[in-house]
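Please find the structures below.
Two complexes follow with chain A in common, the first pairing it with chain B and the second with chain C.
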Partner chain A sequence: MLSTDDKNLLVTVSDLQFRFGRKEKLFDGLNIQLETGSTALLGPNGAGKSTLINLMLGLLKKQSGEISFLTEGTTLEGNTLKRQLGYLPQGDLIFPGMTALEQVRYAAWSKGIERKSATEVAERALAEVGLLEFANKRAKQLSGGQKRRLGLAMAISNGPKFLVLDEPTSSLDPEQRHIFNSLIAKLAENTLVPSSTHQVEDVIGTYDRVLLINHGRIKFEGSSSQFLQGGNPLEQYVARLSS
Partner chain B sequence: MKFISPKSERYFALALAFGVLALNLWVTSANRTGLEKIMLLGSASYKSIFVVQVGIAIVAVIFVYVGHSRRPGFNTLQKLSVRPWWASFGSVALIVAISILLFLILSSVLMFVEIQKPIGQWNFLPQIWVLVFTFAACALAAVTGRYLPIWAAAPLVVLGVIFASALAVQNAYEKPYWGNLFLLNMSLKTSISNSVNWSPVWYSIILWAVVGAGVVLAALVLRVKAGKYLAAFVIVGAVTGVAFSFQGLMQPFTKVRSSSEANCVAAAQVNLCLWPEVEIAYPKQRNELQAMLALAHDNGFMLPQTISVDTAKRTKGQVILGSIFAQSKVVLAKNLSSVLIANQNCPFPVDPTGKIITSVQARVALAAVMGAPIEQLAPTFEFDSASGARVLTGMESLSYLKITDTASAKAALTLWNSQKEGTCVVNG
Partner chain C sequence: MLFNFARYRGFINYLIFEAVTSVVFWLLIPELTFVLPRIPIGNGVVRLSSSVVFAVLLIIPLIQLSRWRFTHLEVLGTRIDELRLVTLCFTAHGFLVFGILSFGFVGVFQGFFQAYVALLCFGLLGVIFKFGLHSWIMPVASFLVIMNLPRRFLKQYPVLDFFDLSSKFDQHGQVEILLGVLVVELLAIWKLPASFEN
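Here is the complex of A and B:
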């Protein structure tokens, strides 16, 4: 079991190797370290952002390497880790016929919250994402932005220390994106939030750090302010991708 | 608590349940023409229907599980869940799957039992109402997404399986207790008894006490915290078991009756007595009986003075035929032949080959001569052979008894009569 001296939340990826089938290796010895706060996993489509997230969550099986989640200096594993994980997948995780409250309650229960307290926990999560007034509405009746927030409520229902977001704002209009990014920034105050995105403008004011990935390789790693230095963010993004 | 509620699975469960219910009610209805058609079309016995229903149950549950687990996002949720796989599946899908399984098990068991009964028996027997109740409980569970109705239906399934197993044992070994307890003595509206038989009640109470205690003990050992569910299971099971046993006592014709109430008509050789309600329900049975007795007489059997139906006491010279035996020509012939042979009160003859169970052979032969279809008379019996114990059934057993047609049946009877030893006197 690994341990660190500091008390911060930490995700370490060491010498990660992964390829799909017989294709060329996507990750060939990837090493990254994520800390408390929000980190944008930035990159174009096909860069490997979602694959990295799936590997971190154990939804894909790595060929070799280590991925560790640490809190209080201790590596979390198995159900202990799952209890501290929140995940918002790329697509909407909507069960037809269920109300928003029922969905969040199910998510909370699946993370180990007892049935008796699941309703209270679910209501709190819905309130946090501003959906409490829609608690008894069926999920399919919600707008696109509301569905994403519902997904976020499901992800945070168990009060996770690690909140993994996969393209959280890709399908949202500017207003909903602003609302969502504000939520991410707020949640990241006490949580480690890796979030994949291909929208450069989301980095501004939302994420603490940026990890630019292309073809499975790290093109930039640093703070948001470092990433934004030197002028137009989009130009910086394109220039770093091709570097 | 209500979780995932995929509508398609609910509709699937309901459609399947309605289909199975309709099939069972149709097959077990009074006129067996439908069943006979099924059996003929399928060129298989009732066992195949039983197997098919169990197969449907397994396929349906797999269908629900696979269908559910392939839902977008469900796998992801399940992989990241701290709950075990079966608990993550703990949703309406699981309720639907359990409902299907319970309902099909019970319907299979009841059909298995029901279709073994002779043609012409009453439809909508109490066990059919059990089937309907179970269907309703399972449908309710599937629609509402609640487990409680399933726990209420579960004891009926347990009872059904227990009593059907008992019936199978009874059929195999002719031990008339457990099977009759639930499925024959107490559920046949035409059963007539000369005394109140309390044993079903006691057996039922003992049985359910054992089952209920076992389930509660298992729950304690497994630390299952489901008080209201367990209570529903035990209470419904106890009420059902006891109600079924009391039902037998409450039937009006289970009262002690005097044989003087029976309608007796002097026939050629005997005095035939039937209860009035039997005459109403089966007006042709007296003619059937007369014809059979005449055939028995023609074949050298000495007849008793009186044949009556379940009268007060079995007296010398009096043959007692329960009303259950008055409903089917096959059952009537089988039982009448048994009664006549047993009533002759003489030592059984010894077969020269030493391998044939002569009383069985004689009973089958006499029943065949009385007009019952030979293929429906096949007994099941076990005997020791050089290669170990053998069990013969169906045409195999008939071939072994050398009774394959009416001519061979007559030949067997002639042999039997010629080999009788000792005093064969009809008493009275």
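Here is the complex of A and C:
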């Protein structure tokens, strides 16, 4: 499903400035660089994780700065970029009354897949997240975990090189979180996956890198093994947040 | 697929417009009343001005429906411009079809305004049942529809006949034809999303 052999993916954020209305600046010259693989955008509620994601996707308008998506050194823009983007938002699915297959088919089509091949593409995406047997079930009949996986199937239906996830596991029980995290780890092998989360335990075994954010500022940036060095992950998290 | 979903969007846009104009009309012309429902309270029967009932009840689905907009999926998709254009076309289509139907129902519902509010109710039901939207709207929309059902249908169900529906319904022989047109239109809208090319 996902594109292969794309090890040279890059997202760069340079000198990003953003504030909501007249409030204090949330991002004041933020610079980050994300590479192929999974990156946890870790931080407490209100840290700016989802805002950063929305800015990256263009759903929020930045005041200044540059956000670029690059593959093999080439910057992607417009529909070329959209075809390579997958996004799993925090919210619900679009039409609870439609079947899983219909929803994924629509997602694929809206990303530019020809309608003739949309069904096949949708079935592949559903198989990838382990939901093919529920293809003809309405979204509202699925469990919370299955709904999130359906959202993921919609996000990967176009075989994106950049897969952006916003709090993908926040409402899931431990078993479903484990399933979902395994999927993220698998998908991230050939994709650039930034994923916001406030759950420290998700970092373990799922993400390659960690970007700890608080109040719009980077508190830690490094590999997940570096992040987990030095003892209890939760204690490390709290200590770094207040550093 | 584009056609199907744009048609939905257009239809929903139209319903939102209907709801807005209904409330605005009511605010501008408060003396305008619909078929008056009678609600049994205590020993007697209290007649409520249904303009008030409608205005209040319409605001609820209006708030819900106004949340409808292009989703992230569509905004981040490559077909958003096509979707916007075709949605606009089908919004216009909604105006035409529902406008014509409303004119046709003028006699049945005792006025154009009442007619299109009634059609709005049917439309709401169609959208709600198809998409499984906000189950709590269902009883509201059902209530609105029942209030507007012609008396001849209610005759078979006396328990529902506590609304003061005009016997004038019976004087209009064209009601069956118009209802038929409405049903066909709603069925078309209902079935379209399921008709993806396979």
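The rule is short, and it goes like this: the second predicted complex is superposed on the first by the 235 of 243 C-alpha atoms of A that agree within 3 Å, B and C clash if a C-alpha of one lies under 4 Å from a C-alpha of the other, contacts with A are read in each partner's own complex, and residues count from 1 in each chain.
Keep this in mind: a residue touches a chain if its C-beta (ideal position, glycine included) is under 8 Å from a C-beta of that chain, and two chains touch if they have at least 3 such contacts.
Please read all numbers here as calculations on a predicted model, not as lab measurements.
After superposition onto chain A, the partners chain B and chain C occupy overlapping space and clash. Contact with neither chain B nor chain C is seen for A:Phe134 once the two complexes are overlaid on the shared chain.
Touch criterion met: A:Tyr106 reaches chain B and chain C at once. By the touch criterion stated above, A:Phe18 is placed in contact with neither chain B nor chain C. By the document's definition of touching, both partners, chain B and chain C, reach A:Arg83. In summary, superposing the two complexes on chain A brings one listed stretch of chain C into steric overlap with chain B, and the stretch in question is 79-87; the others among 25-33, 43-51, 79-87 or 133-141 show no clashing C-alpha atoms. Shared contact residues of chain A with chain B and chain C: 57-59, 79, 82-83, 85, 87, 89, 94-98, 102, 105-107, 109-112, 115, 118. Looking at the complex, you find that chain A touches chain C at residues 57-59, 79, 82-83, 85, 87, 89, 94-98, 102, 105-107, 109-112, 115-116, 118-119, 138, 140, 154. Those residues of chain A lying in contact with chain B across their complex are 57-59, 79, 82-83, 85, 87, 89, 91, 93-98, 102, 105-107, 109-112, 115, 118. Chain contact summary for the complex, chain B toward chain A: residues 1-7, 71-73, 76-83, 88, 91. Against chain A, in their complex, chain C makes its touches with residues 1-2, 5, 71-80, 83, 129-133, 193-194, 196-198.
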